[in-house]
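Some structures are shown below for you to check.
Note that subunit A is present in both complexes that follow, paired respectively with subunit B and with subunit C.
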Partner chain A sequence: MSKELRTIEFEFKSADFKEFPKTSFHYGVVGSGDMELIYQHKDLGGAAKMTVCTPVTGFDHVWKMVFEKFITTAKIGNVLIEINDNNATPAVVFLRLNQALKEALAGTELINSNIVNASFLELSARERAIGLVDENTFTELVSSYDKMSSPHLPLMGESIEFDDGIITGVGKIGEKTVFVISQEGKYIGGSLGEVSGAKFVNVLRLARNFYESMLAKNPSLPESKRPAILISFETGGVRLHEANAGLLAHAEIMNELQLNRGKVPVISIIGSKVGCFGGMGFIAAATDVIIMSEYGRLGLTGPEVIEQEMGKDEFDSSDRALVYRTTGGKHKYIVGDSNFLVENTAMSFREALKKVFSLDINEISKLRRVGSVEMIEKQKKLVKLSVDLQPKDSVDVWRYAGNENPEKLIDLNVKTFLETAKQLNLK
Partner chain B sequence: MKKEKIVWNKKQQDYQERMNKASKFAKNGKVLEQKDVVDVLASVIKTGDRVNLEGNNQKQADFLAACLSKLNVNDINNLHMVQSAVPLPIHLEIFEKGIAKKLDFAFAGPMGAKVAEFINEGKLELGAIHTYLELFARYFMDLTPKVALVCAYEADKDGNLYTGFNTEDTPVIIEATKFTQGIVIAQANKIVDKVQRIDIPGEWVDFVVESPKPFFLEPLFTRDPGAITDTQILMAMIALKGIYAEYNVERLNHGLGFQTAAIELLLPTYGEELGLKGKICKHFALNPHPTLIPAIESGWVESVHCFGGELGMQKYCESRSDVFFIGPDGSMRSNRAFSQTAGHYAIDMFIGSTLQIDKYGNSSTATSNRVAGFGGAPNLGCDAKGRRHSTPAWLKCGEEFEEQATSYLGNVPRGKRLVVQMVETFQEKMAPSFVNELDAWKLAKNANLDLPPVMIYSDDLTHIVTEEGLVYLHKCKGLEERMAAIQAVAGFTEVGMKEDPKKTEELRKRGIFKTPEDLGIDRRRANRSLLAASTIKELVDWSDGLYEPPARFQNW
Partner chain C sequence: MDNLLGKGRLAIGMISDKDSFQENIIDGKTIVEKDFGDCAVVGTIKINGIESVVIGNDGETYNPRFPVVYAGIIGMEEAYKMAEAVYITIKNDASKPQSEKRPIILVVDTPGNGPGKQEEIFGMNKATGGYQLALAEARHKGHPIVAIVIGRAVSGAFLCHGLQADHILSLDANFGTMIHVMPISSIARITKLDIEKLTAMSAANPVFASGAKFFYQLGGIEELITDIDSMSSIIAKHIDEIRKLKSNGEVDATGPYARGKLGGERKGRIVREKIIQMMNDQFAAVESKYC
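Take a look at the complex of A and B:
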């Protein structure tokens, strides 16, 4: 039996109602058990209308009751509420409807100053995009209001999201124009599909075109004013449901990274729950700079797959601490995969970004992992080391790097860790 | 009248006979070699004996359980097992093989489905399902063990045991067994020259053996703050404002779910903001919940007595000797019997979660094919009828209950324990929390139980918190009104759909039902940024690195 995504509609008029203001307001993320919605003013003769795009069947009457109860208590009219649902319980639906309405009526916007010192790990893709640039400078491109969602998922009965799990836009850090790509791990693991892939590729392209047109106008444009690209990764890789399109996007991104080399620096920001895995791990590795928090994780093959192919002795995927340790920010910093290790706040990532931006493009290029004969020689040494050393745990590598009590490093806070830890030096 | 000559020390003689067969195996004091344990058990256990196999809420005498399962069923069978918990596959294997026949227990946890199946197939004859305290009581009445197989951290050659952080049920089992001339065998993680602290005197222990690996310990009470949802935070805000603040709840127990973890993590933030520090949550009967660390570190908590230990919390507890119960040697000692007693008589409130609440307010964690057991919750989630001391929270709740109490008590005042259930109206996979009839009824039928296993009875229940709000059930007049109040918070479940909006409005006016807005709670604030710690790592940081979470909870 095919299970297609369905859209159900309800309309209801509260006896006495207040007119919804003449705006649109988006709220929420289509995580598992959660939903997003857009409130929008619409002349409906005082009624409220709700459309729900959901994979769930058999609960239409519950949706209707939740909706009618909400409109009765909230007393609003002339409003269209569009919902993308992914198995949210009535409790969650009612909470999100209320939270969003209050924010919409208060005209609340996501503000950088509320975000920069919060736990980066907890931030949504949109909050990260806003929090990484200067206050009030972020403009979203192809936002939720444009409703560019996946055309493939509805046929498979999978929930859609208005932004397809990726936030794209542009902002400023000081004098610098910064193009931002930010992935949402709560929506299908931050996976890259056709739409999210196209958004990704086109931001890279847009940044390069912007750079070239700026330079054409002013060939002596100082470094400090030249644009940069930030990618806040939170992804398990290509979206399996639309894998061909995802892989194609992957190839295009790689191509764009090459074309941007020596022109627009591309900086990876990794500190979100899902980490950066699969094909996206390759992409991060091919950028100019990688900045990670201790919670950030970077890798290619997932731990379960390694265990399945190579056996439990090689990698025990049930040992969560081992899994996180060997892919985590501290390890990546010691072996040199990550250029910076920072605290778990947008503010700390921004401080590292400012360090990067104080360098010229040639100096930034030296921070790369691949891209020159010397860099490849160094990578080959790293591969040889892993064969010679046969490490069972990241801690074995830390010891080899000259850290006498490597186990002690595991729990150290970032500041003390940076003061103590020795990085691997492959001559 | 001529008095018959009666032998008054048959138990002693029996003990001697059994020991005569077994004592040859102990070559160094009371220490056995691992390979001899099955033979020793075969020497001291007889067909039909009542045997206690230490299976607690957390620590498990798993090596002795494995040895017990290797007995020859032709020689020894029909044992009557009395034990707190049966959470390991090996516990059921002993029944599968026919070595044991009858079971009296309190908690089955992950083995709940197997227990039901075994009862049905006749492989297991069920004595009764108890609460912990109730089962301990029967150890001293009609379920005294003949042989007890227990576990400890350390033992010496004289039999002295150090049960330490995870003492749990060991003292109660050994006291019941040894003082009726029974036999006590202990597995220890380590045989040492001198135990760190004598928790059980060597005289009370017949044999000790070093187990091949440390006893199994389940981190049952660790809740990862990373998994707490916005809805749970909203409900925690409701509980704090509508119950904790309203009644000044100073002494309490928390259930082990994410709901109460959210409350613990809101104390240093939202609780502080409400000005509740020093007024609530001062004394706990509680396992060492890692999520309580921020509240302890912020100076909220004066004392915590623990039923058991919690993996990774040992060093933290030892370093907070003003709060936890620490021995002269510097290590904690938990004790389930005492902590349950404290939780039964000395707390003002129990608050926890459940699987199902029926339209009358009875709640149960049973499903139609799992005998999960009761554990400790019913002794905490009830009004202790023997309580006579008063506290402000207990008195206030009693006054509000007056309407119902006067029909029995006339004009005599009496207090009442606050018993609170917190549930989202729908749980995972849209399973409703409010039902017309508990699945416990089906289970009673499927497993031939005398009555449906109810965790908390409606007459003990005073409050329900859901995302819809809070009801004060004890303020209701009569069953019909209680049912209306339950409907008011039951959301869009089959129970909630029976709600009469007019009746709900009336209950709201009388302060029996309160929505988040009635309590002055801004739903927008119900998000994870309100948690004092949002990851396990932040708990470690709060603890100054003293909390050592098990590997499975680490994400750094």
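Take a look at the complex of A and C:
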């Protein structure tokens, strides 16, 4: 089947319309079967106009019907509604238009206090970015309103998103300036293309330039005021539709990570649905600190590919428990790949961040896994253990680490797990 | 000769001065323990008289301890072995002026990273991430790093072994070189895009298509090599160029960031520069709030 991305437009005037307020409002994520939209005031002689960028063909009359029904009931005018659609059904479209309008008219903003105690696993990239920093401190840079979506995907008939699946910005945690990158797994698996790659790379540079200019002004700037970078991962790595550009962006990111060492600490936050895999698994491994929830997953190769390579007897990718035991937060904490294991809330991630920020940059560097010949010597002991132990399952490693009934760790809540579990300590 | 696929050792022999390759040895010292990282080759060579450290893949063997590591795949042992060769080079040259830091030559022919269960349990991602950091550090410290693709440069393995170089060279497609994240057939399967359409598009669109030519257009490759006998002289030329570009301690004149700019100049990456500028401008407008 050949696909095509196209834009359709509708205009409709409600008899007794109310003027849309003079603001812009963004809502939603272009997940599969879903859409995002921006409401924006525009002088249209009282009419409402909708533009829809969609891969769907043959349903223009349905879009028109839904739009007219919505405007008739909502009675709004002088408004432009821009939609990026990914096969949303008419019911979903109607629902999203109404939800977004309600929030736009109420002036609802995403605020930290509504987010910090919600399930981190369920949060969107934007909610995570806002939830990880202090209330009302987040400024999004190159946001949805800038509409810097992928120029490549339309050629392939693939839905676009105004932020290209990545939220970039800056906020504060206490007196510390924190640069934030947050990936949206619902949009093409959180994958990295040319646009999202450039946004990612430039945040790392911006943070370093900011650090250097602050230090130039005040060489004795206390550690507590020096900037840091947070990356909330939710990605499988390179976006295949723009694979070459995505791959080159990964190399740029690694280069920036090395340049930031000893200057701006980079902290990985992993607790979202897609996990952190592919080339992004390398990136996370190369950051200073990794914080995971038990639902976070970190690795290189996804479960399906391992099964394909080794056979179902060795690795059954449909066994979710096995998948979590192999790459999940608890295992990564036991082997030392994750520095912290936290509860499934932004608040818990923030508490771990506070511990990190109480350390100076040299102490933070000691939390790294790789980045020096000494660290590599240490990692080689793990590789030797792999050869000697030939574990069938991560649980074998947990037992080796000194956990007497390792299977019991699987179901423990985080608090009890942290009190009970022994981490691997190779001499 | 049709191609050098799988023949990393032969390629190392071809680019180095006669009998100059000393496997596993840097500065006269053996740096690798026995039976470790079989699919990676490290050592010292001379190229046109320039002493260099070489790191390559061996596609003709397998790692007996890791069943998914064969045919040039980079496994955990391989990546750590490669990283150690880099760190030892940095250390041994630490007191030398920048103009005398030894070149590191990456001979690239790798189809992937170890995709196994042990690899995930113990963290393959750290091994390859660690190797990339080592190369980036060596590059920033002044070592000229030249990668030359002689066979397969596939996805994460190319990220790991190649894309951190100052300059990347590749034998052109006549030598069977393969540079891609995935072949078009797999991209079609995963993206559910029509394979005929993808194939037709790939002729004009460098952003996803497979092949050295397209990477060149995206700025991912500095030079394509058409004459296999000129490999060593072209590498030597690039070592010289890199030294000049880095002589004032400039870290953005070569390497991944410079290739990002090159991708813009060659019209392969079309929005990268615009986004960088936009973000810088937007931050400048709010910066005082965050000082």
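Assume the second predicted complex is superposed on the first by the 424 of 427 C-alpha atoms of A that agree within 3 Å, B and C clash if a C-alpha of one lies under 4 Å from a C-alpha of the other, contacts with A are read in each partner's own complex, and residues count from 1 in each chain.
Throughout what follows, a contact is a pair of C-beta atoms (placed from the backbone, for glycine too) under 8 Å apart; a residue touches a chain by one contact, two chains touch by 3 or more.
The structure presented is a predicted model; accordingly, all values stated were derived computationally and were not measured.
When the two structures are laid over each other on subunit A, do subunit B and subunit C clash or fit?
After superposition on subunit A, which the two structures share, subunit B sits beside subunit C with no clash.
Is subunit A touched at more residues by subunit B or by subunit C?
After superposing on chain A, more of subunit A is contacted by C.
After the superposition on A, what does A:324 contact: first (subunit B), second (subunit C), both or neither?
In the superposition, A:324 touches subunit B alone.
On the A-aligned overlay, A:210 touches which partner chain: subunit B = first, subunit C = second, or both, or neither?
After superposition on chain A, A:210 lies in contact with subunit C alone.
Answer with first, second, both or neither: which of subunit B and subunit C does A:95 touch in the superposed model?
In the superposition, A:95 contacts subunit B only.
In the superposed arrangement, which partner chain does A:103 touch: subunit B (first), subunit C (second), both, or neither?
first
Using only C-alpha centres after the superposition, what angle do subunit B and subunit C make about subunit A, to the nearest 10 degrees?
For this superposition the angle at subunit A equals 120 degrees.
Who does A:259 touch here: subunit B (first), subunit C (second), both, or neither?
second
Check the superposed model and tell me the shortest C-alpha distance between subunit B and subunit C, rounded to whole Å.
15
Check subunit A for residues that touch subunit B in one structure and subunit C in the other, and list them.
none
Using the touch definition up top, name the residues of subunit A that touch subunit B in the complex.
Touch residues, subunit A against subunit B: 33, 56, 59, 62, 65-66, 87, 89-92, 94-95, 98-99, 102-103, 108, 118-119, 121-122, 273, 294-295, 318-322, 324-325, 328-330, 410-411, 413.
So in the complex, the part of subunit B that touches subunit A is made up of which residues?
226, 229-231, 234, 424-427, 430, 466-468, 491-492, 497, 522-524, 526, 528-529, 534-535, 537-538, 540-541, 545, 551-556
Quick one: which bits of subunit C touch subunit A in the complex? Just the residue numbers, please.
Against subunit A, the touching part of subunit C is residues 65, 67-68, 76-77, 80, 83-84, 87-88, 91, 113, 115-130, 132-134, 136-137, 140, 155-156, 158-160, 163-164, 180-182, 187, 190-191, 193-194, 197-198, 201, 205-209, 214-215, 218-220, 251, 255-257, 259-260, 263, 268-272, 274-276, 278-280, 282-283, 286-287, 289-291.
Spell out the residues on subunit A that touch subunit C in their complex, using ranges where they run on.
Spelled out, the residues of subunit A in touch with subunit C are 1-3, 139, 141-142, 146, 148, 151-152, 155-158, 168, 170, 172, 177, 194-195, 197-199, 201-203, 206, 210, 214, 237-238, 240-252, 254-259, 278-279, 281-286, 298-301, 305-306, 309-310, 314-315, 326-327, 331-332, 335, 337, 369-373, 375-376, 379-380, 382-383, 385-387, 390-391, 394, 397.
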